[in-house]
């Protein structure tokens, strides 16, 4: 199967390791054997003015996933969401009310569905491809999360080239390695069976260090600086 | 201590990675240092006509565990179950009603107890050995789960010899390796401290591939084919 | 940042792997890159007469953390607790009543707060350093837990020198290695990013074995004996 997925991750951190805003939304095409992406796209947010309610992330993910899906025509599109296994084109008010999520979550989804439901319906009518809100059990969503971390590292390198240094938090239990001409990232959870990714990047003259975020167990911090 | 445990796992998958039925029940004898089995038994189910309610699994596990326990006379028998730490010979209606499980679960256990409670009581009267429904905290139950995955791989090899190919899903976060004369399997969770198993198998002329199930994070798929 | 944390762990086990009592409280100073301790202190309990209610542990941890903090003057002190992110000096009756914990937990904390709240307030008045009950998300608390396991191994070595042998349970998913002149310990969870510790110890003439606790998945048992 050929699956497109999208996720948002990576955060700019202040000196006390507080997240200021998210950095990167990644969309990926994942094909058998489902360990990495054969194609990836990124859209960078402005972490200095980020809507942390979660609404911006899911909107960015849907648009970017559709952009990639129009190009590569997968069998299905996976979005990261807690509403588990529902086709986005079917998200009307009654369906959202019947979800087992909080009232606050229902309000957020009713608002989101105004844009995303017609988008998903039109995309399905044109292509026959479903956009499904699947959440944490999807491996392609996890691969998209790993790519959002790799692109966050790339963003940090570019930011450090211009401003001297940057400190970012990566998505859950993953690491990155800055190599000549590219950035490699991989899951730190061996139970996931070896998920990884790689992106081109020029990091000449850049120093870096990776270490655990002292306040959030199982999340790593990346610092990069002009050496 | 010498502990016998049993568990059922491994599923035949269709082309869309949906489980059709479970494949193997394994019973194991586990002795210090509790990392693998010193003896193992298998009973294969017919995955093409499998009762997925969970009732078939626990029944098969109890009978197979008792069969192995009669042979090796352990200190105790562990079954995988959500009813946590109860001796099966004590499972009467009042005890089941007092369990903190769902009403549906109580009905299932009342039905199961009709066969299993007398079996456990007779076995205890004859041997003094308790059969305990312990669940996920038992390491021998996890080793039985790993063996059910190894035997599922062996079943897939035999099936592919006859029908050309097979695709099976392994139990949670474990991998297998098909080697000359044997199949090796091990946990992918290093927190478990190195649990593994091995079973004799002839796989000459068989090709294989192991990769993450794209729809169920932390579960691996094994494909085997006549090369 | 420089963080002091404390935790209690490691248990003396009987022949059936039942815990008899906890062994070691460790306090650690953790500095960037937050993977190990630059300073550690230990206080041993008497595992043969231990108050398993949890009250003894948190009291020992607070006193030992303050002792280390007076010496090294960190930015903040982390205690392991389920009451999530509250400054201990602010723990009055009204604040405890407002916590989302059980009524039993509230009684325990009201009792504990009698000693610990004035201690934390005085320490804060003298030094400006906050003592925060943070719990499982703190990496320094996890490093303190790993050190409590290493010190438990050291205690077991000393006990075996005197009494012939000892069997202890280590804190969750960690291992130890007894080496010439020192004991090394590390997390078995790679998602934590490589947390470890080391303590001086003389173990000449001591044999040892590490293996999974058969009744508690993801916890290891250490046996040591006079060789």
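Brief remarks follow.
To keep things simple, chains are lettered A, B and C as they appear, and every chain counts its residues starting from 1.
We adopt the following convention: a residue touches a chain if its C-beta (ideal position, glycine included) is under 8 Å from a C-beta of that chain, and two chains touch if they have at least 3 such contacts.
Computed from a prediction, not measured in an experiment: that's the story for all the values here.
Taken as a contact graph, the chains are fully connected, with every chain touching every other chain.
Both chain A and chain C derive from one sequence, and where they touch, under half of the residue numbers involved are common to the two copies. Chain copies chain A and chain B are related through a rotation whose angle, from the C-alpha fit, is 120° to the nearest 5. Inter-chain centre distance (chain A to chain C, centres taken as mean C-alpha positions): 36 Å. Across the assembly, chain C contributes 189-190 as residues in contact with two or more other chains. The touching residues of chain B, when paired with chain C in their complex, are 1, 3, 30, 32-35, 136-140, 142, 189-195.
Residues of chain C that touch chain B in their complex: 16, 172-173, 175, 188-190, 209-218, 220.
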